[in-house]
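The next part holds the structures, each set out as structure tokens.
Next come two complexes, and both contain chain A; in the first it sits with chain B, in the second with chain C.
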Partner chain A sequence: MLKLALALARKDLSLALRGAGLVQSILLGLLLVFMFSLSQKTGSLASGQMAAAIFWLSSLFCQTLVFNMLFAFEETQGARTCLLLSPAPVTDIFLGKALAGFVLIFLAQILFFPAIIVFLGQTVSQSWPMGLLMLFLADTGLACLGALLGALSQGQTARESLLSLLVFPLLAPLLLAAISVFAAVFGEQAGEDPTSWIGFSAAFDAIFLAIALMLFRFVYTGED
Partner chain B sequence: MSLKQILPALLALAGGLLLAAGWWLIFMYAPTEAIMGAIQKIFYIHLPLSWWALFSFFLVFLCSVAYLVRPGEHLDRIARSCAEIGVLLTTLTLVTGMLWGRKAWGVWWTWDPRLTTALIMWFIYTAYLLLGGLNLSEQRRRMVRAVVGIVAFADVPLVFLSARLWRSIHPAVFANESGGLEPEMKLVALFSVLAMGFFWLGLVLVRCQQLKSQDRIEDLLSTEQNREEQTEQL
Partner chain C sequence: MITLKHVSKSFASRLLFRDVTASFASGAVHLILGRNGSGKSTLLRLIGGLSRVTSGSIVFAREDARIGYLGHATFLYPNLTAYENLAFWQKAYGQSAQEQAILKMLAHVGLTPFAHSRVGVFSRGMAQRLSLARVLLLRPDIYLLDEPETGLDKTSRVLLQDEILKARADNACILWVSHLAEGQSLADSICTVQKKTLVCRQAQPQVQIETGGRTKDAQKGDEQC
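On to the complex of A and B.
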């Protein structure tokens, strides 16, 4: 059943890694890290909270670019109808796109993380396994909403900016959770037990995964 | 003129009169709050605005679900009008809340769960309204709007929950604000909610009719254009 999803993810990944698409999103993220470091006074170090916020904002911008790219593949080739005609459920297309997006965001984050440590002078505390779990949960949420709403933006600039307008506020709760846990990873004193944030993110993912699986077939149709 | 046509005007008129009566009650009947003084009277405007805003968004959600189950133009029109009026009321809620907050808490803004939720809701539904400008076929645009209407409402409780978790990390700027209301105050508040409800329903109906006329005019224009093109070809 997931055959199409895996095949689609593999196709998208090989296309994305071959072209300049992913490089562009990574570059934007790194640039954001650099630009935000301008808000610091010379010589002073960024707080863990701020570093965490910058890390997740970079990931967020990367997410919108990644999903715009993933859905543009079919649009530029006019292959959306072919994809829809294939004898597999439409949800497989969603899963394929979400999986490819998840991998691409994760690849970009592998570069963002050391950049944050180096440029913003952070150290990693002992709660890093919690951070890793949070990374997985938050990326799942980013991929879910990105794959559901990314289908709205098919190549045109006006639509691309609209995607970020929609996705940013929708993801605000998840980002709040991710930033809180990552602040603790960067050694910030956490007042609240991070496990409650982990639970919250898992709930967020579950709700939006279910909604996306139900609604994707209405968004991704053969009409223009 | 049929009842259907004048109903919105009647409702808006009733709402206006009731709101005027509400103003009288607010200043003449309701007692002045002991600590906050006259500024507390914003509450009688603020509460109905925020309740009806939330209700509008709930209706957007219901209409969106109904549209996906059984597509109908009227459902999309109701959802669109409710979203517009919801955004308007949320804007006013935020403004009145800030005015009150400046006086009562000493700050214009604090990241309290309710405030955060209202602000994020405002962002989400403003983006929802922008979907109308998408260069899509009318049918697909309606579908997209319905999907976003559902996703947006599912987000609202999550925003509230996350903001509450967030706040428990930081000390609260103010303690629990819901001190017991005097019975007179409660009565005036409920009356304001009711008056605003009439006004709200009138606005929604007017907006629905406007959108209906707009759709009809656009339909007529496109048929006319098609006909002209056909005669040119002949």
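On to the complex of A and C.
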């Protein structure tokens, strides 16, 4: 059980780390942080809320590129056909892609976070453990929706835009929660209790994981 | 082993198959012929479950039958090595990656010197041989072969035919789309896609008729499956 998922995640990570796709995703995120830092007047600091928004915006762009890349691996020589013929359930493909995407987004965020601290002059408050938990939950949501909607981008080039078109509105509530918690991590006075956002994010993940597991077999098929 | 019951398939308004009923036994090579665009590849995809039938059903004698697919595309990852590709597909099909088995298979298809080379630098023929190794390593019960000889040289084509015969001896069901003349001599049945259906007949020993220096094959006994 889950053999295909683990083998797929391992293979995807190996391919992503060898190619230029991940580097491009990270560079785009870093460029975004740097460009926003230029919008600040010399000596002034960005608010925690703004820094958090830029962090998650970078993560979101990175997620879109990462999942387009992960699903493109299966299209180069038609490997999708053989993946679907594997005796493992199709949901294993979803889990493998989501796991690989989760790791790659997290790797990118390891670089985005210090970039935010340095370029936007942020400090990390005492509430960083909650930020870490939020990071896990938000990345899980990004990975679930990325893997589901990334499957739509398979095959024809015209469909690739679907990922970005569909993913942004669906992820808006999760991003709102993540930005609120990360604003507190960057020392902003929280308007409401950040723990409520943690519960909300966990529920969001559970709902979208269940939906993705149900729908993936209809989205990722052998039909061109 | 595989039974098609009143299968129809259409893409939008284009009808490709109408009410096809046929069965393909295990331990036999079934050659599928037809003009370009007649739906031979689609037929294999329908049997593999990669494409949904519009109506009718496809029934397998064994639900857990393993399917191996060899086609125009190589189904390989160009940025992985030959060894890594085979190891991945073994694991993806629920087998544990066995180093000795992989190396033995690479030797069998003549790719030992390239075991740790990236597949992206392989020629078409080498990639197709590796793809053949991938299928053989998985030991499928059903072989879906869509012009698998594409890009193979004469030696590799002989290897492919030997492996098809071995698979038949192991009671596998082999569906082979091919334009090769040799295909007809290996086939147990020959099915032709014509007029949106499948016309099958038992293969018979070929009679070679010399016609002014040209050879013509004569076969008879058409019947609809």
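The working rule: the second predicted complex is superposed on the first by the 220 of 224 C-alpha atoms of A that agree within 3 Å, B and C clash if a C-alpha of one lies under 4 Å from a C-alpha of the other, contacts with A are read in each partner's own complex, and residues count from 1 in each chain.
Here is the rule we use: contacts are C-beta pairs under 8 Å (C-beta built on N, C-alpha and C of every residue); 3 or more make two chains touch, one makes a residue touch a chain.
If you're wondering where the values come from, they're calculated on a predicted model, not measured in any experiment.
With both structures placed on the common chain, the touch criterion links A:G43 to neither chain B nor chain C. In the superposed three-chain model, the partner touching more residues of chain A is B, compared with the other of chain B and chain C.
Judged by the touch definition given at the top, the superposed model places A:P173 against chain B, while chain C stays out of reach. Contacts of A:P129 after superposition: neither chain B nor chain C is touched.
Contacts of A:R18 after superposition on the shared chain: chain C is touched, whereas chain B is not. By the touch criterion stated above, A:A79 is placed in contact with chain C alone, chain B being left untouched.
When the two complexes are laid over each other on chain A, chain A has residues 221, 223 in contact with both chain B and chain C. By the touch rule above, chain A contacts chain C in their complex via residues 3-4, 6-8, 11, 14-15, 18-19, 73, 76-79, 81-88, 221-223. Put simply, chain C touches chain A in their complex at residues 45, 48-52, 64, 66-69, 71, 73-80, 84, 88-89, 91-94, 127, 134. For chain B in complex with chain A, the touching residues are 68, 120, 123-124, 126-128, 130-131, 133-137, 139-140, 143-144, 146-148, 150-152, 154-155, 158-159, 161-163, 165-166, 168-170.
Interface residues of chain A, counted against chain B in their complex, comprise 145, 148-149, 152, 156, 158-159, 162, 165-166, 168-170, 172-174, 176-177, 180, 190-192, 196-197, 200, 203-204, 207-208, 211, 215, 218-219, 221, 223-224.
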